[in-house]
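Next, two complexes with subunit A in common: one pairs it with subunit B, the other with subunit C.
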Partner chain A sequence: MPPAEIWIDGLVQSCIYMTMAFGMVLVFSILGILNWAHGQFYMLGAFVVYYAITAAGIPFPISLLISGVVVGGLGMLVEKFVIERLTSPGYGMLYVTVATLALMFFFEGAAGMAFGLMDKGLSTVLPGVLDLGSFSVSYQKIAVIIFTLVIMISMYIVLNRTKVGLAIRAAAQEPVAASLYGISVGRVSLIVMGIGCALAAMAGGIMAPVYTTNPFMGRIPMIMSLLAIIIGGLGSLTGAIVGGIILGFLNSVIAYHLSYVSEFVLFLLVIIILLVRPQGLFGAPLK
Partner chain B sequence: MKKWYNVVAILMATVIVLGIFAIGCAKTAPPQPGGPITINIGEPVALSGSAAPWGQIPTPFREAWFEVFNREGFQVGGKTYNIKLIQVDDQNTPEGGAAAAKQLVFGDKVRFIAGHWTWNFSAVAAVTNPAKVIFVTRTGAPDQLPASWGGLYDPKTMPYVVFGTPSQEEFTADCFALIKAYPNYKRLGLMDSVQSGVDSAGWRALKKELDAAGIRYHNEWFAVGTSDFTPYITRFAEAGCNLVFVAGWVGEFMLFSKQRWEMGYKDMKVGCSGPFVDINIYKAVCGPDAAQGLIGAYYDNSQFKETKVNPKYIAQCQEALRIAAEKTGKPYTYTGEIAWLPSHVLILVQAMQKAGTVDDTDAIMKAIRGGTFDTTIGKWTMSGEKTYGSAVVFGSPAPLCTIQGDKEVYLSEYPTKPLP
Partner chain C sequence: MPYFDYKTLIPRTVIGVLIALFVIIPVFTTNVITISIFISSGIWAIAVMGFVLILRTGQFSMGQAAFMALGAYTSAILTIKLGMPFWPSFLLAGIVSGIIALIIGLVVLRVGGIYFSIITLAFGEVVRIFAQQMEGITRGARGLIPPMPPTIVLGGFEINFAAGPVPYYYFMILLVAITAVVFWRIDRSRMGGTFSSMAANQILAEHQGIHLMKYRVIAFTIAGVFTGFAGAYYANFLSIITPLMFGLWQSIQIMMMSIVGGISSIVGGALIGATILYTLGIYLSRLPIFNIQYLLFGAAVVLVLLFLPKGTGLVDLWGKFWHKVFREPEEYEMPEESEMAVE
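After this line comes the complex of A and B, so read on.
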């Protein structure tokens, strides 16, 4: 049985994968695309938080909000000027895929040139640990768990208790019918892209003190959130949350037992899921 | 009319041919009498991509050292020579390495390549060896191991390769230096990325030496891109390791150090197989408390206790550090480069002096094999006849330091023994 510190580590991993996956699925459910640059919005959010704190002295919680707003705004620009054009008639999914892949490398290269390639740290944010007897947990990791709870509750409220949320759900289920009822699907797409990228950015921001910040930090979270939505079911918000939880704990526990082989095992598991239940745990059955 | 046309055409052709000839002569024309002759030395180095920081950080010291070295230059056959370093970005990839080597060898016409450390040895050697360009690099990466170990280095097909930095052997010596510093250790933890090859020939060679010395150890590998080392720290702790040596990149080392502190393993000492870049970076990532006691390589040759370094080279390096600090406007503490390019250059220079030539690379290689050279990190004899098939592997003091406050403080040293 893994020790408690492995389970807590798994919980922290779950929180981030869940948040990232949620944002990806939200975008997929409205725009019908997988945003391959999602990990780079995570990275950009981390850099916004880093510089907001170190250069401008802005407190961490406000820096997080700023990262969500700024990078969410960037996401909306990407949707408006890149994705919207490439999803119009005459183009196809391949164009959008290539475009978001290109953006992935573009953002990495731009971040490398603008911020440098050396790892940056924010150890002074929420320093210290909570001593729990045989092990301790850093306040930074506790903040990740609290942040995720707040985000999930906020998203639940927005999606289920607000007009915007109603519009988003309607557009996700039946975009044509929704537009007949006066819902601007284009505007909903813009908002959803903004929310999805903001979630990624704030996930990156909350992790900036936990890990290091560098232009390549978004790649692994992107891959892991993709695995999470495959496990949970592409297109299912509940699936994204459950998939993130499963993946986070699996990653930590398998690494504890099998060391570096954990990566191989995780991907093998995903392949098995795709073969046995391609719609994932909560996705709609394939036609 | 046609006659005049022909005359003009012939005149133009003559002018063009003479112009090309003049440009060709100008490129190879000797400098003005009385001044030193410049020899170009090439260096394929990572200046872009994820490894770029390691190519860029040494730049201020490197430039300063050549500035100091060229004040006197060196003499061969009664003539004075200076060195000009030509760096080409190799992006730390095989394709980049091959392209950089071609640019240096065929474009810049270098006869020597030095300071190389990136992971593209065989790609660079494939260009330099046929061109008879001496290639001074390091041991350690899987393709740089001897063919007899399963690597790609073969002295028969790569007769112009010199291992000026013994990274593989130094890693072993670093382990012994650690144990020397902490003789009451319980178990030594060793960790590396799978990229270096799980249980590769290099690792097996290391373990053989550790076993022979009776050192207790536990080995872990982590997947490339790992940021969360909690499972590995737990595994080390359960194996009884209170001293861990990390062979990964700096980011991974910093995260391991930070996370082990936060998990409560404050007594677990952590070292990395490379010099500290800048203590402030480690403090920013790990936290000021977690960064204390971290162990790294340390090439401040004025601090060596067991390896004697020529006072002239100590003074050169101290002057270069001072100039680098002046140019960057802040203290320059990265000592890693002292053991690298300047050391390689001094091997080449002394070999040229022994051989009495700056052009004949066969004669220079003959002087290098098995020769003794006085460098920035001590006087060493090239060895490795039995192990590598040719006596072209240099030595190292394998010095370590630890972070105390805001400074790196000498910890221990375990000079590498000449290879059989």
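After this line comes the complex of A and C, so read on.
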């Protein structure tokens, strides 16, 4: 058995992958595309939080919200000016995929130019550890866990108890019928892209004190949350959450036992799961 | 009957002159950097052609760089560890890469679409991690140094690969030409038609009696063979192989090259896309502002996608251009008034 710290670390990682995978699945279920630049929104969110705290002196929770709003707006712009223009009928998924891949380079380059390539630490936020006898947990990690719970509950409320949520669910299920009932699918995609990017940004912001912030920090969480939604089943929100939990714990627990082979095991596991059950754990059967 | 059809003759002449220009480039300049850029873009073009061939069947592979890595490592390990001569090991590089593509294809191509992309992505990462960690065979991140091709004596000529990049350049042209002819013939053949029908409507194609899996595996294997050659040659030209040369980001670059060049033409689009993006990447990385190359590279790809008509690549401008130049005025015969009056 790995020590408790490893399990805590797994929990923190699964929280982040869960939040990001949730946003990605939400975008996928409405727009029908995988947003490859999702990890870069995570990175930008971390930078917004870093500068809001160090340069402007805004308290941590409010700067988290600011990063959600700013990066969510950026995501909406991307949807409006890039994705929407490339998803009109007759284009196929390929062009959007390549466009979001190119945006990934674009945002990394922009962040590298604007903020520099140095690692930026934010360890002054929420210092100290909670001593639990045999092991201890830093307050930053507790903040990540609480934040994820809050986000998940509020997303549950938004999706199930509000009119916007109803519109999103309807548009995900049957876009044509939804538009016949007066739901503007274009506006829903805009909102969903904003929510997805804001989730990624806030995940990045909450992780800024735990790890360091640099322009390339988004790559690994992006790949991991991608694998999480593939394991959980594309288009399934439950699948995204379960996949995120599985991958987060696998990443830390396997790494504890096998050190560098863990990545290898992870990718092999994904290949095997896809071969045995291509629709993922919670996805609808393939047509 | 000799028939002077200027509409096809002039574009063909222009293409022929361009090809001839590329063949005699070493006459004008033997600048190592220029020639090297052309060699590398030619090699990437081969990989891009393989990607487009798979794309023709409606699948997109996100692990094409892994096959370059397989080819490169096979060739280098055979020559260094087993003492095999260069040319047999070069041939074996393509064959081994093709066999692995066949096995992977047989296992993986059952699931199509986005799942295939993700599995190939994972496969590419598995190959990279494998190359990084098996230090006994691949020397890990320190990299393998493949030996040079031996001097060839052909009649009175002596082709010495150690002398400079020019022999590499001509061998690259030979390799690209072979790949281009093979892929072009496949694209024009009945099999090419089958590929496009599968991409256009998978269900209809299956109901017409097309064995989807079989043709997907064929395309994947052929692409694997040629990508393996490209990888082996690339490693040999750069005289170093490290695992990070053929990672996920290189696979993404192959995708971008194919889209920017245009996927309507399997050869032209690949050549244009690979040359432009590779050259752009090299020149951008020389700019004094740090990290600006990523920004401009991404921006260039997005702009090409947004502003070219219907999101197609650069190669389609060619057809549009000739269509504009030679567009015949459309003639409508107006019915005469008297006839109209009679009716």
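Methods note: the second predicted complex is superposed on the first by the 286 of 287 C-alpha atoms of A that agree within 3 Å, B and C clash if a C-alpha of one lies under 4 Å from a C-alpha of the other, contacts with A are read in each partner's own complex, and residues count from 1 in each chain.
Just so it is clear, a contact is a pair of C-beta atoms (placed from the backbone, for glycine too) under 8 Å apart; a residue touches a chain by one contact, two chains touch by 3 or more.
On a predicted model such as this, the values are computed, not experimentally measured, just so you know.
J.: Given the touch rule stated above, what does A:278 touch, subunit B (first), subunit C (second), both, or neither?
T.: The answer is second: A:278 touches subunit C but not subunit B.
J.: First (subunit B), second (subunit C), both or neither: which does A:117 touch?
T.: A:117: touches subunit B and subunit C.
J.: On the A-aligned overlay, A:94 touches which partner chain: subunit B = first, subunit C = second, or both, or neither?
T.: After superposition on chain A, A:94 lies in contact with subunit C alone.
J.: Taking the superposition as given, does A:80 touch the first partner, subunit B, the second, subunit C, both, or neither?
T.: A:80: touches no partner chain.
J.: By the touch definition at the top of the document, which applies to A:260: first (subunit B), second (subunit C), both, or neither?
T.: Both partners, subunit B and subunit C.
J.: Looking at A:169, would you say it contacts subunit B, subunit C, both, or neither? Reply first, second, both or neither.
T.: Neither: A:169 stays clear of subunit B and subunit C.
J.: Do subunit B and subunit C touch any of the same residues on subunit A, and if so, which?
T.: After superposing on chain A, subunit A residues 112, 117, 260, 263 contact both subunit B and subunit C.
J.: Provide the residue numbers of subunit A that touch subunit B in the complex, in ascending order.
T.: My answer: residues 2-3, 5-6, 9, 13, 112, 116-124, 127, 129, 131, 135-138, 140-141, 211-212, 214, 216-217, 219-220, 251-252, 255-256, 259-260, 262-263.
J.: Once bound in the complex, which stretches of subunit B touch subunit A?
T.: 49-50, 52-53, 194, 198, 220-223, 225, 227-228, 230-232, 234-235, 250-251, 254-255, 258, 262-264, 277, 281, 283-288, 290
J.: Where on subunit A does subunit C make contact in their complex?
T.: These residues of subunit A touch subunit C: 34, 81-82, 85-86, 90-91, 93-95, 97-99, 101-110, 112-113, 117, 215, 223, 226-227, 230, 234, 260-261, 263-264, 267-268, 270-271, 274-275, 278, 286.
J.: Across the complex, what residues on subunit C touch subunit A?
T.: Residue positions touching the partner: 55, 60, 107-108, 110-111, 114-115, 118-119, 122-123, 125-126, 129-130, 133, 248, 252, 255-256, 259, 263, 289-299, 301-302, 305-306, 310-311.
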